[in-house]
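Once you've had a glance at the structure underneath, I'll fire off some questions.
Order of writing sets the chain letters: A, B and C. Residues in each chain are counted from 1.
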Amino acid sequence: MRLRRSLVPVASFVVLAVVVAVVPSFVSEFRAQQLAYVGIYLTAIIGLNVLTGYTGQISLGHGAFMAVGGYTTAILMADHGVKDIWTIPLAGLVAGTAGFLFGIPALRLSGLYLALATFAIAVSMPAVLKRFEGFTGGGTGINLFGIPELTASLTPVEILGRQVAFNDWLYYLSWSIALVGYVVAWLLLRGRSGRALRAVRDSETAAQSSGVSLARYKTLAFGVSAAYAGVAGSLFAIATTYVNPDTFPIALSILLLVGVVVGGLGSLVGLIAGAVFIQFLPTWSQEVSKSPGAPSVVSGALLIALMFVLPMGVAGLIERLRLLTRRIYHRSGP
Amino acid sequence: MSALLELDGVEARYGPVQALRGITLEVAEGEVVAVLGANGAGKTTALRAISGTVRRSGRISFGGKPLHGGPEAVARAGIAHVPEGRGTFTELSVLENLRLGAYTRRERNVRADVDRVAQWFPWIRERSGQQAGTLSGGEQQMLALARALMARPKLLLLDEPSLGLAPMIVREIFRIVGELNEREGLTVLVVEQDARIALRTAARAYVLEVGRVAVEGTSEELQENESVRRSYLGY
Amino acid sequence: MADFLQQVVAGLASGSIYASLALALVLIHRATGIINFAQGEMATLSTYIAWTLTVNHGWGYWPAFVFTLGVSFLGGAAVHQTVIRPNEKGSVLRVVIVTIGLLILINGLVTWIWGGEVRAVESPFPDGTTEIAGVAITTADIGTIAVVLAIVVLLWALFQYTKLGLAMRAAAVNPAEARLVGVRVTWMLSFGWGLAAALGAVAGMLAAPSVFLDPNLMAALLIYAFAAAVLGGIDSPIGAVVGGLTLGVGLNLIGTYVDFVGADLQLPVALLVILVVLLVKPTGIFGKTEVRRV
């Protein structure tokens, strides 16, 4: 029984992995770069989904955790000569610790107040980064372009005997990490820990009285989601080859939450749609109107409309379609 | 006497739970009618159905006209609903509670109305600035009643006035209700768990069971009724 | 000493602006239980409208001010009726997303209509200073404090002495019971949103001359307003005013006398205020502790 239930997710995952592996051969380098960013955002929102979708804690500040990861990577690379790939897990660790530590006082905040607190953190983060110049390079930030620790920055990389351009390499890097992230999240969320997390979301009181250690799961969720964001931030720094206080603005934090909501909370399936949304919406909006501000108008309107029509996001849509097809299938019966 | 309020086959549900399965009752002008029954029988829901607080189907007519809409419209039509738990605005003062009671009334003369109402509850005048939440349970119930009176309602819906109150205070409240009915002709539909005191004040009563009217009749009839005595009057 | 007093007065002036926006946030939270993340952007939009009227259509400052208040009121009420009301019963996240959506939408709208350039805005108050008790205070500061004070007093009178104000208060704290006495609760809530939008407009219009007008006018101000509202008690109008003034003075003094903070770190200090208050006494100075029904 458990094997059968795992069948569909595992199969779709394999299909996804194959598609991911093959795509770069068919698209331009520019497209590959865009898709690389999709992978980065996907990593971030997988983590955010664990936090918001599963334990119901709303964070409008995950851009700040990305900043932590991004700056960790930049500092390690520029000041300590660490190769970019090795900084990624370190960035995740640092951000994850920060998240876990924040998760402890966050236990006392609920719903709106947590959203408010994380919102304030995200807005203030650039100012903090600017102030501690000695550490972060202040307003000018840290430039990673052309330094030897950055793989493929000037000369192409060799993977399995083939030469791979920077954008393609970036694509493979971010998507491998995203896919690994998917698997880890999937393992985390099924079984007992997954049920516990969901119990926390659905009713804190009930969860508590049935022996689930609320505090532990909520802080863990914060830590895990921050780690994911940190890894994404690290990749982001590598991809843009540059970090400064404005690389991770409040808009990013907002977009991450938007991505999770669009994709569908509490479900891994729609998250890819969410990540695509984050990356491509500005581009698509440009086609509607070239004027500045148009992407925001479209995003905002879309977001509001979504809450009316599809509050469960793309995942909700998929679920509805699934139920619909099942009903049709049963009705036409053997 | 014509029927002021008529319910015909009224149903109501809370989500999947069917609370009222077709209630038919009527209240004539100038009457005090009681609705009795055990917990969960649907008594409170019946009042909520009338005041539009819960969605319902079936026919309700008030003063000969069909009664539609939510609580705001029903209040405007002249029905004052004192809910279960009194519904006092605990953060506001006694006087402010009374002013709110007169909300649907056009006339400006709130003070005269407060005086009129204070005749029934003399303590109100001295305590008009006090925060309503600091009043005792009995006083809050009286305040709720006074608030309802401010609206000069054609019909008063009273939900479980005895809830959480000492027997002496409950008797006082029902005494006032009775006097209001006698002296001012106030029509009252009262839902009450304490059947004994309700039947002493009301002229007629309906007994609800599982969302339906099980027994109806005058107070005397019900007090004689064997099963009613056993289940609700305790003897 | 004179310098200190000057900073205090300056702090009161900026604090009045925070208070105005904080009052808007409190009104909305009290009435509908929502934290309106879009409050700042709505205020920005109002400010642009006032600016357009004075610069492009030659209106006088104060006529434009009053007109903008009216338009903002209608806008706020409209937002509540169309966008907020249908989502009121949804989950907390849904409501957050809707107000975030509004934030994004309005921010984009402002950029779209007026472009992203930073503009200088004329202050309605004449330049110059007045001497009070040996301290030189700018006319602008006095004017700001006076305007906000006047509006706060008007609002207070509305809530305490009028039938409408009473109905609004009732609708905010006990909507179910308010309906039973005939109060049209939904209209009261929309009215509250309208008032809040007008208050936001006041904050924006008063802040613009010193902070300059651009689409991100209110981003930082929103955080200060949140800090003020949280400090004073997110459900207490008095708290919003006291919180705003306290924050204004406090931030100004810290910014002036604590070198480490300077001008750059005022925002993170405000953030710190939010976090500390939420963790230590979440209901703020004037708030009442909430009993949670299980």
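The working rule: contacts are C-beta pairs under 8 Å (C-beta built on N, C-alpha and C of every residue); 3 or more make two chains touch, one makes a residue touch a chain.
Bear in mind that the values here come from a model prediction, so they are computed numbers and not experimental data.
K.L.:
Building nodes from the protein chains and edges from chain pairs that touch, which of line, ring, star, complete or other describes the result?
P.N.:
Drawn as a graph, the chains make an open path, so a line.
K.L.:
So which chain is farthest from subunit C, going by the mean of the CA atoms in each chain?
P.N.:
In terms of C-alpha centroids, the chain at the greatest distance from subunit C is B.
K.L.:
Identify the chain whose mean C-alpha position lies nearest to the mean of all protein C-alpha atoms shown.
P.N.:
C
K.L.:
With chain centres taken as the means of their Cα atoms, state the distance from subunit A to subunit C in Å.
P.N.:
Whole-Å distance between the two chain centres: 33.
K.L.:
Centre to centre, by mean C-alpha position, how many angstrom separate subunit A and subunit B?
P.N.:
56
K.L.:
Find the geometric centre of each of subunit B and subunit C from their Cα atoms only, then give the gap between the two centres in Å, rounded to an integer.
P.N.:
43
K.L.:
If I count partner chains per residue in subunit B, which residues reach a count of at least 2?
P.N.:
Where subunit B is concerned, no single residue meets two or more other chains.
K.L.:
Under the definition above, what is the set of subunit C residues touching subunit B in their complex?
P.N.:
Result: residues 163, 166-167, 169-170, 173-174, 176-185 of subunit C touch subunit B.
K.L.:
Can you tell me which positions in subunit B touch subunit C when the two form their complex?
P.N.:
51, 53, 70-72, 75-76, 80-81, 83, 87-92, 96, 99-101, 103-104, 147, 151
K.L.:
Taking the complex as given, what residues does subunit C use to touch subunit A?
P.N.:
34-35, 37, 83, 86-87, 90, 92-94, 96-98, 100-113, 115-116, 215, 219-220, 222-223, 226-227, 230, 264-265, 267-268, 270-271, 274-275, 278-279, 282, 294
K.L.:
Within the complex, which stretch of subunit A touches subunit C?
P.N.:
By the definition above, subunit A touches subunit C via 52, 56, 58, 60, 105, 108-109, 111-113, 115-117, 119-121, 123-124, 127-128, 130-131, 205, 250, 254, 257-258, 261, 265, 289, 291-304, 306-308, 311.
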